[in-house]
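In what follows, a structure is listed as structure tokens, so that the remarks can point back to it.
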Amino acid sequence: MPDAFDPTPADRFTFGLWTVGNRGGDPFGLPVRPALTPVQLVAGLAQAGAWGVNLHDNDLVPFGAPAAERDRIVAEFRRAVADHGLCVPMATTNLFSHPVFRDGAFTASDPRVRAFAVQKAMRGIELGVELGAETVVFWGGREGAETDACRDPRDAIRWYRECMNALTHWVRGQGWNLRFALEAKPNEPRGDIYLATTGHMLHFIETLDHPEMCGVNPEVAHETMPGLSFLHAVAQAMECGKLFHVDLNAQRIGKFDQDLRFGSEDLKGAFFLVRMLEGTGGRPAYDGPRHFDAHAYRTEDVDGVWDFARGCMRTYRILAAKARAFDADPEVRAILAANAHADEPLDCASILRAGGANAAARLSALSVDPEAIAARGLRYERLDQLLIEHLMGVRGGVHA
Amino acid sequence: MPDAFDPTPADRFTFGLWTVGNRGGDPFGLPVRPALTPVQLVAGLAQAGAWGVNLHDNDLVPFGAPAAERDRIVAEFRRAVADHGLCVPMATTNLFSHPVFRDGAFTASDPRVRAFAVQKAMRGIELGVELGAETVVFWGGREGAETDACRDPRDAIRWYRECMNALTHWVRGQGWNLRFALEAKPNEPRGDIYLATTGHMLHFIETLDHPEMCGVNPEVAHETMPGLSFLHAVAQAMECGKLFHVDLNAQRIGKFDQDLRFGSEDLKGAFFLVRMLEGTGGRPAYDGPRHFDAHAYRTEDVDGVWDFARGCMRTYRILAAKARAFDADPEVRAILAANAHADEPLDCASILRAGGANAAARLSALSVDPEAIAARGLRYERLDQLLIEHLMGVRGGVHA
Amino acid sequence: MPDAFDPTPADRFTFGLWTVGNRGGDPFGLPVRPALTPVQLVAGLAQAGAWGVNLHDNDLVPFGAPAAERDRIVAEFRRAVADHGLCVPMATTNLFSHPVFRDGAFTASDPRVRAFAVQKAMRGIELGVELGAETVVFWGGREGAETDACRDPRDAIRWYRECMNALTHWVRGQGWNLRFALEAKPNEPRGDIYLATTGHMLHFIETLDHPEMCGVNPEVAHETMPGLSFLHAVAQAMECGKLFHVDLNAQRIGKFDQDLRFGSEDLKGAFFLVRMLEGTGGRPAYDGPRHFDAHAYRTEDVDGVWDFARGCMRTYRILAAKARAFDADPEVRAILAANAHADEPLDCASILRAGGANAAARLSALSVDPEAIAARGLRYERLDQLLIEHLMGVRGGVHA
Amino acid sequence: MPDAFDPTPADRFTFGLWTVGNRGGDPFGLPVRPALTPVQLVAGLAQAGAWGVNLHDNDLVPFGAPAAERDRIVAEFRRAVADHGLCVPMATTNLFSHPVFRDGAFTASDPRVRAFAVQKAMRGIELGVELGAETVVFWGGREGAETDACRDPRDAIRWYRECMNALTHWVRGQGWNLRFALEAKPNEPRGDIYLATTGHMLHFIETLDHPEMCGVNPEVAHETMPGLSFLHAVAQAMECGKLFHVDLNAQRIGKFDQDLRFGSEDLKGAFFLVRMLEGTGGRPAYDGPRHFDAHAYRTEDVDGVWDFARGCMRTYRILAAKARAFDADPEVRAILAANAHADEPLDCASILRAGGANAAARLSALSVDPEAIAARGLRYERLDQLLIEHLMGVRGGVHA
């Protein structure tokens, strides 16, 4: 029975072919679900309420397929996408499955591997362009090491940059209006992956020849694995205009890459994330697709895959409604306003905002009483409890 | 009995007053060691073989001390430093102990707190300048949140930037030739600290008014707590010329901030770090002080504190000797050379290094055989075992 | 404004003096709140809706206080407890704050420390008996090591056992009807604490002279710090009748010991826990006090402490209501029933339940078709989404 | 060139077929190495210096193989083992790869799956007996959950017990002198695995019908993943006579299951482990096989696999030599002796050791001065530094 939280194409929810197509195999077990074709997956996504479908090159076209077969597959897929009213907003290149990449792709010690990786990425980009993608994601899953004796990580970073630069120049030369979204991950499948977090990646982008066409694709699971705040990573990216894409899923800290259904772990973190993506405090919303990079439990059959997909989208919508209610809650607003001291007579905020050469000296002349300020509590326990009660539906009016 | 691994001032080892002055208290226990005065600490460090001593403002001058007392304390300390032949290469400001900072310093919601933090940092910088420091470290231990309901993290980043900008403008206006070294930490004492890793911090620096005077102060424990590669963080900072300072200690992943004796955990990681700092593969060494930010176990009395300090320095020196031996090992060099394929006929490395508008197209024209490349093993198990045997002294000639 | 989720004494909620009395100091900061007396804390707890108050010996009586002062303090406290209609169901002994315990208490290498720890525990138990406590908790915060060179951990376990045995014999000799609840923690303040988890502790209890009077006191934060399932630990303890007490709070994995407000992290885990404690699937509820071992954020003043305490209790009650609704949900029941295959014709469940010498042989004779079983999905994605929607109040009828 | 650290059969080193036979595939990549037959693996292990080879049923005999094929394969394998002078000391059953086990084996909600798991384990045990194994390992990789909504974990524990009981009764009925070694793991491939650590497993064993025939098989990686002390887990098992087998490898905390070469991470932890296994402080050595459960990096070809295997064994031998030297070091012995206070006049140690009904009262009568004891440092910093210098070969005489 549909309700107010069922997804619609207007939500711009997307899934990768590899997510709903995941067959449930893992390092200790064989696949448990039948292979669905890309066309079947497109049909299923459309029925579930998704807006778009994303892919790696080899999700669609097998590695090494002859050109004619490649073209036939792509044409059939394009038709299916169109027939079901979907789109392909993002494409990416698999630079991690084939044994040639076992020492890295853009950071492999063997320069021929780096060259091959660039070649493959070019073909992947062409495929994306052909399907109408506006964003190209780069996830360097093999860019890392099990033992740092193998190479100087400074070489790795330099080689990574050379490859990214080559690709940005080429895309510009082709006249394509594409954005690159770089995705960090700290480990798995490598012991340590270079440029381990969204923070490291944001800095790396600043060192490229064309930083303006590169941003990040943060993934909930990847920042959460090491226990970092995903919200803070997304905030840093949004604050500087670099959130080009986002990978939504769930993950427990300190574990293998779980890629769980969005919202199924750390519901509070998911709430803060949705609130930021949808726009809070008068700031604009993130304007890209809401992409789910997750898969169904191994316990599921094909029906369970669609349960999984619907669950991702429903939870997102429910949280978006809760975020609006939380932001409108008078008690929440009162606590935040009291702490911001917008009316403090010293005008510290204005001096800092104005900045410039004299800001420090002007601040230095003010008389601030630290003991008086320290005596006042901030009511964050109450604030967080309000949030928890919104989240549980006992406050705020978002419930069944 | 002294041996070849005992420290000398030429090693440029430094300790903070707070490290050898740590009294062994913790959240569950009272201090166990008597308080040593800064002058006593200086004498002890000199005797142990250190080159310099670093400090927070309040390690030396109590919070709120009147100007005359402050000047007396500083003068006495300067004399002691000079008398013992030490120096004060780095100073920092305590923006975390006083209750006024409980919601943050540069990122507190109350703008008066932000102003007070800038004031205190100005006084801390003045103290550093007076003592001859060339580097000012900023560790924002309270810049974070337990619940992200308390503020938008984008505001926090903006406020952080405003404060750092004010301070850089002021320092430049004073005509001081100082460098700022920003230190990241993911959590503790806050639930999540903004700009959680060296990567996030490197990016933040690029957004400041004067990025050229700001670099990073990575700390082993802080990157290790979340299980990130400290080596990769240092490499990224060195690769872009931003390693302005370094905090050496040891830490186990996923635990409270332990600040253990350098090298006492993850000896292999410590080896890679020392090897990079001391220069490897023909690259220049890091040219700043080797600073230990650690403290003795709570089980120790004052004698144990000096055991601790000597241990930090000896292990560093032993590892430096092993790094040289490892780099010179012919079998190591042979494995690395074979994997680099310097003589590959396609010249992939040259094309990538040259970069430019045509690199991708030139690479695309090359014929690389992935299956042939994938068939060859890289001998990293052997390489890493060689390293382990160097580390254990059964290879390489660095032993008793 | 009170509502259906406000706590009442019938809920048997308890807090430690050290929890609401926590002053907000931490390893990097001074206390931020004034000290409240035990009598003030008792009054506050009664007003907030708590049923009982627990304590360490030194929460009430300072270390080394003369007997007369001790007696005066205790008498005053007893009166306050009675006057406010509270009780003292649990007492424990502080064997971690004083420097004498820096190498451990029951596991210290120095046998005089072990003796002193037993003495102090005896006095702590006497205090508990005097106040009417039925449960004595033992948390061995200092029983551990930073370097395992310091002692053989097998000695530590043996010494631990000797001390616990001495105390159980003594309590029995006194004719007291007390239960000991042993609390595990993996680390902090020690690098590694012996008997690191509830599992290790359950086994240790089996090796004591009087296992029947010893059970466990699992704490959410302590099992969560290393990322273990708290629910599974509690389940193992309940399954064997050893859940003698429980410490409720919240914690993020892989961080310092946070002791956050119950339910403020991992709301789903808190739901499962409350559901098990309150009785699910026809099993009896846990019959001990619901003890909160947590404290308010450092950002709070005294008002915020009571916000914190109320929040713990409200969230527990809300989750209890949701657990009942979830267990009654027809779709939930249908999924679980389908997976249990209660009507399977082979009667595998009965053979296994009956057990005995022939069970394996009888099972071996049955013909089970693995492929047929493997073809059917289990609908766990749907089941977990139902749970999430109950939790968020968009299903199940528990909302504002 | 062979040296003093090369392995010999007298060391009783063993490897699983699945370790040296691992082909380097992972969740993100295809296999990179050719499949070697069990007979080839046996030959390689013998040449590398191993003593024995272990296996899962399906490492040797494919799932569902007809009896005749099974017998042919087993006979060929037995011949190869004998021809190469190896033995098969341990066997185990794969209860995790096939989709039928996706919800668990002994803990699956479907009782037919539990029955099938018992059947398969019986066949696995028969295979082990046929090959001469004395130990049967049980690793319940699928015994867990992604969502605890799926079943009550108390049911899971009960079902696990029923299956283990059935198997112990059956083995006894067959007259086989086998020992069961149960292996814990906290997560992966399941979100949470029941009986998550060696501690939980030791307790579970005490609840079985035949605890005397069941012990544990702790694995370095499995206790290390959540950051628990592996040494303490092994110590607890040895202290109660339950270390029936051991899985040696290396792992970084908080990551996916890496199964790295023994000693390649946490060299200090590996040192303590080898020291305990080989006998320290006059205690007997562990008397079972030294089993390596690890595999070569994905970067390796078949030669690299044998590099990996030799590295495991060499590092073990080097550490064993260092352990002996450390235990003999006079300064080490002096520190430990001083801390043990064997001559303390109060005789606290004796009273505790004697135990009994009066121990607490006797201890209570002693006068211990906590301040005096607390004033003395324990020299653990020095002790640990001595260890580190032994480990690095600059002390103790174990070097090239």
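Order of writing sets the chain letters: A, B, C and D. Residues in each chain are counted from 1.
By definition in this document, contacts are C-beta pairs under 8 Å (C-beta built on N, C-alpha and C of every residue); 3 or more make two chains touch, one makes a residue touch a chain.
None of the values given here were measured: they were computed from a predicted structure.
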{"item": "Chains touching both chain A and chain B", "value": "C, D"}
{"item": "Between the pairs B-C and B-D, the one where more C-beta pairs touch", "value": "B-D"}
{"item": "Inter-chain centre distance, chain B versus chain D - centres from mean C-alpha coordinates, in Å", "value": "37"}
{"item": "Chain centre separation (chain C, chain D; CA means) in Å", "value": "30"}
{"item": "Distance from chain C to chain B - Cα centre to Cα centre, in angstrom", "value": "38"}
{"item": "Overlap residues in chain A, where contacts from two or more other chains coincide", "value": "32, 98-99, 102-103, 146-147, 150, 187, 226-227, 252-255, 264, 297, 299, 374, 378, 380, 384"}
{"item": "Partner chain B, residues of chain C touching it in the complex", "value": "24, 26-32, 96-99, 101-103, 141-142, 146-147, 150, 187-189, 191, 225-227, 252-258, 260, 264, 297-299"}
{"item": "Touching residues (chain side chain B, partner chain D) in the complex", "value": "5, 32, 226-227, 252-255, 261, 263-268, 296-297, 299-305, 307-308, 310-311, 314-315, 318-319, 322, 374-382, 384-385, 388-389, 391-400"}
{"item": "Chain D contact footprint on chain C (complex, rising order)", "value": "98-100, 102-103, 109-116, 118-119, 122, 146-154, 157-159, 162-163, 165-167, 169-170, 173, 186-187, 192, 194-204, 206-207, 209, 226-229, 231-233, 235-236, 238-240, 254, 272, 276, 280-281, 283, 326, 332, 336, 339-341, 344, 346, 348-349, 351-353, 355-361, 363-364, 366, 368, 370-371, 373-374, 378, 380, 383-384, 386-387"}
